[in-house]
Amino acid sequence: MSQGILRYLGSTMGRKYIMAISGLVWTLFVLTHMLGNLLIFASADAYNFYAYKLTSNPLIYVAEAALVVFIGMHAATGIGLRMRNSRTKPNLYAVTPKSAKGASVTSKSMIWSGTITLVFLILHLITFKFGAYYETTVDGILMRDIHKLVVECFSQTGYVVWYGVCLVLVGMHLYHGVASSFQTLGINHPKFNNAIKGFGWAYSIVVALGFLAVPFYVFFVKG
Amino acid sequence: MNLDSKIPNGHISEKWTQHQFESKLVNPANRRKFNVIVVGSGLAGASASASLAELGYNVKTLCIHDSPRRAHSIAAQGGINAAKNYQNDGDSVYRLFYDTIKGGDFRAREANVYRLAQNSVKIIDHCVALGVPFAREYGGLLANRSFGGAQVSRTFYARGQTGQQLLLGAYSAMMRQVDNKKIELLNFREMLDLVLIDGKARGVICRNVLTGEIESHAADAVILATGGYGNVFYLSTNAKWSNATAIWRAHKRGAAFGNPCFTQIHPTCIPVSGDYQSKLTLMSESLRNDGRVWVPKSGTDTRSPDQIPEEDRDYYLERVYPSFGNLAPRDIASRQAKFVCDEGRGVGSTKLAVYLDFAAAIKRDGRPVIEGKYGNLFQMYEKITGDDPYKVPMRIFPAVHYTMGGLWVDYNLQSTIPGLHVLGEANFSDHGANRLGASALMQGLADGYFVIPTTLAHYLGSTKLDKVDTNHDAFKNAKAEVEAGISRLMNIKGSKTADELHRKLGKLMWDNCGMQRSEESLKKLLEEVPKLRDEFWNNLRIPGEAATLNQELEKAGRVSDFIELGELMARDALERRESCGGHFRSEYQTPDNEAQRDDENFCHVALWEHQGQGKAPKRHTEELKFENVKLATRSYK
Amino acid sequence: MAGNNNSRTMRINLKVWRQKNQNTEGRLVDYALDNVSPDMSFLEMFDVLNEKLVAQNDEPVAFAHDCREGICGSCAMVIDGEPHGPQTGTTTCQLHMRTFSDGDTIVVEPFRAKAFPVVKDLVTNRTALDRIQAAGGYVSVATGNAPDGNAIPIAKEIADMAMDAAACIQCGACVAACRNGSAMLFVSAKVSQFSLLPQGQAERERRVSRMVWQMDEEDFGSCTNMGSCAAACPKEIKVENIARMNREFGRAMIFGRDRKQTAED
């Protein structure tokens, strides 16, 4: 990479490209993750088998490494820009406007919805990826019984509430993030802008509801 | 006083080319040895700064704003004339020249106007190259529209923001040179004096309006491009900060003032709504294509306009000028509006307005057509007045718009002070006694882009200029005088604000030296203005300190100059015992109330030489010779 | 009719930001004005306030203004948290008191951003925007070099889009409205104008790069696509321009012919 490109990427606009691209990678990831989760509605075995297939593929290490790098870049760049922006706008006004001359709740709370999402993500990994290791056998193969752990967690009221709140925040983060990424990458045309906005809205709702379906299912139906 | 106009010999179409060839040049390597100060950053100042810096001179540009782009050229709406003949309607350089001379009622210098028409063509090319988004036809070529005083379509435009776009073009060219370090931008600076050494202009004294610091800047030549002085009238279409201080103080240092009484009153402006009124807003002349001007026949008619039947309305322009009707020229339409209001037939709460009615046009063409033509203007009108012109007639009244007078300059745009050049509206040169629409932008850019690069080189290349810096006594003395002037203002400690006194001056000027002047009114003015000047110097109040941002101090300095200039305008108007263009003396009119020129005695430029504070100025004349256009009387009946 | 409303006047309570200079702290000060006419512009109300203050031998409120017809971009007040006040597509000077009601309390503050330091009261220094212009907001063509104006046809739609972007008055309301103090809308309007027109093509990559670096150097914030800028813009410049600048900058980064040299400029 030439020095030239680094100067571009280091600018506020270059850093926004990093935000947009890393954000979109994770946007895609959460969708696939959510779809995988929905296998719980099929059966415990299907759920466990899917997890087994996913984790036994050696490419998973590449994918995981990439996700870690992207979220690291996303978080570091986001925090860096936020700190810069608090410096470039040290004072807000005595009155907060309610019109469009102000900013929407989702857009102005990205740093908080993002930070909480990150904390949630780490705790989520500790709970599930590195949590209690139960075993089960599906089709004669010995594998981790992640289903049991999920049911265990989502039977606790406190955990479901925490999970629910976090997923609403994830949805909010996605709602602004998806449409915003398109704009940052220069994808904007009067003909398609409403479609892009609608897509971001639908995407965030689908993802959030998809994830939320699992704990509610476990808590109210299975529990 | 050197009054040689330096008009080159030869046929009118050859004069400029010949003059360019005969002018001295400065070789590229030597240009960087010369420093030039440009005061003002409107069309003329920005274009001059850019083109001189491109040539290699070191330029310092002063502007009173934070950004050069805020100069009042930005507000010009209609367009810019150029003799391109893109429309194949018979336009030519000669025709533009002819229309401009005639429109100016034969009080402009032929050679200058011809050069202006020649350069008009190049202005459009250059502005397009700079990225000015002119209006285009569907085929991608430049669009034109028509304007008053011409029978051809030669006006180029960028929506209703032509001045803005042309200024942004010049500003961008100028900022490129700021980045190249060829222009030093001195923003937030107000010029307060001109410094002369050995009789030549060698620098300026200015005040940094943010810090109050008085600064001296030395140079080899000084260019003033500070615009017109319409704000003498307090209420005008000029910006609030537009002022005459730079040209007035140069005048007091020896630059002759040409035709100070020539002011243009624009007929279609939004009228005054109360005593708090701070400025007037122009509504484009183009509205008169479809709007009908009227007032009630009776001055006691208080019905709302829609309740007044046709037979009780007086469409006075259509009545008096059946062939031109509502499209009578600016000066004539303005005067007629004044006449009907003087008769007490004005409308609105102040009775100083006439109706401009679109009901007939809307009925004839439908609202969408009218909206397509004038939508943005109707919107602007509604924003300001709260009235919807689709439903009720607009109320309009004439307002001061442009000053044709200004510092006298020769063909090289040099004033009577060697080394002091004056560009754009600040000089008197090209519009005679009345300016045609869409010609102000043309003149500003012609002067800055195409004339001054030649004529300034000639001055620098042919003049012996000793090295001077700001340690010279002349700078020290001028600076001390400016500082003394400021402290004098600060120490009056009276009770009236600068605005209060300015409003008073404006009313005096408008009533006595406005759309119509008479010997009686002018003599009254010459008695009243000195009284106002005394009141100013005895009763002004400026709160705060001088060594900081102090907008009251800025205003006060300008008002003090407006008062003196107002007196000179009255003198000039009194001495010009004829009517011509915007100068209408009630004693000199034809039986049917039209302007009556006196070519026998007044076919000249009046130049005023300052004789020192408290002394009457001296009047000189420059005879105007018309060799290519025949003197004729304008008629619009 | 509004013109006949002179008899109806309003009482307006103002809370105005007063600050002596850049180095001192400012605060909101209360003023009350009776007899405010609904036909007054917002700035004319300040004229009246100032005359009153001078009469009391107080210092008048410093505020920037000039053309008072919505085109010079000087006026810059934040009214109840909104740059140029509650209306859309309107500068402060074109805002009229009939928009408010008798007895209203209005809070007036200067444009706020690190790049716009307060000079005094409501006056800020916005020259950072000029330095961004100087960094690349031009077509490098010296006087006298131009081909005929009709030599290069420009489609009407393109000319119109360029004009939409060029309508920017550099007032800085976009920066003032933005919670990040970003100048992206302003810079993108300029970049758009030139990148749309054929005259701007030669310097396309250099222009956007240099203007963005200058924008960063002046300490403007980054864009988080909140859209307050476009809502506050008195000339209704759209955020599409920001997307276009995103494309232009990305294009310069990836395909720029003289990327390395531009970066070292």
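Letters A, B and C name the chains as they come in the text, with residue numbers starting at 1 for each one.
One rule holds for everything that comes next: a contact is a pair of C-beta atoms (placed from the backbone, for glycine too) under 8 Å apart; a residue touches a chain by one contact, two chains touch by 3 or more.
Because the structure is predicted, anything quoted here is derived from the model rather than measured.
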### Message
Need the central chain here, defined by C-alpha centroid distance to the all-chain C-alpha centroid.
### Response
C
### Summary
Two candidates, A-C and B-C; the one with more touching C-beta pairs is B-C
### Query
Just curious, how far off is chain B from chain A if you go by their C-alpha centres, in Å?
62
### Query
Whole-Å distance, chain A centre to chain C centre, using C-alpha means?
36
### Centre-of-Cα separation between chain C and chain B, whole angstrom
27
#### Entry: Residue numbers on chain C that touch chain A, as the complex places them
15, 28, 78, 80-83, 86, 107, 109, 112-115, 177-182, 209, 212-213, 215-216, 219-228, 231-232, 239-240, 242-247, 249-250, 252-253, 256, 259-260, 262-264
### In the complex with chain B, residue positions of chain C that touch it
1-6, 21, 37-41, 43-45, 47-48, 50-51, 53-55, 57-60, 62, 64-74, 90, 94, 96, 98, 119-120, 123, 125-127, 129-130, 133-135, 137-150, 152-156, 159-160, 162-163, 166-167, 169-170, 193-194, 197, 199-200
### Message
List the residues on chain B that touch chain C in their complex, please.
### Response
47, 50-51, 54, 65-70, 72, 74-75, 84, 86, 122, 124-131, 133-142, 158-159, 161, 164-165, 168, 171-173, 175-176, 178-179, 185, 187, 210, 239-241, 271, 273-274, 276-279, 281-282, 304, 348-350, 353, 380, 383-387, 392, 395, 449-450, 453, 495, 497, 499-500, 541, 543-544, 548-549, 551-552
## Note on the structure
So, in the complex, the side of chain A touching chain C is made of residues 2-5, 7-9, 11-17, 81, 84-85, 87-97, 99-104, 107-108, 110, 176, 179-180, 183-190, 193
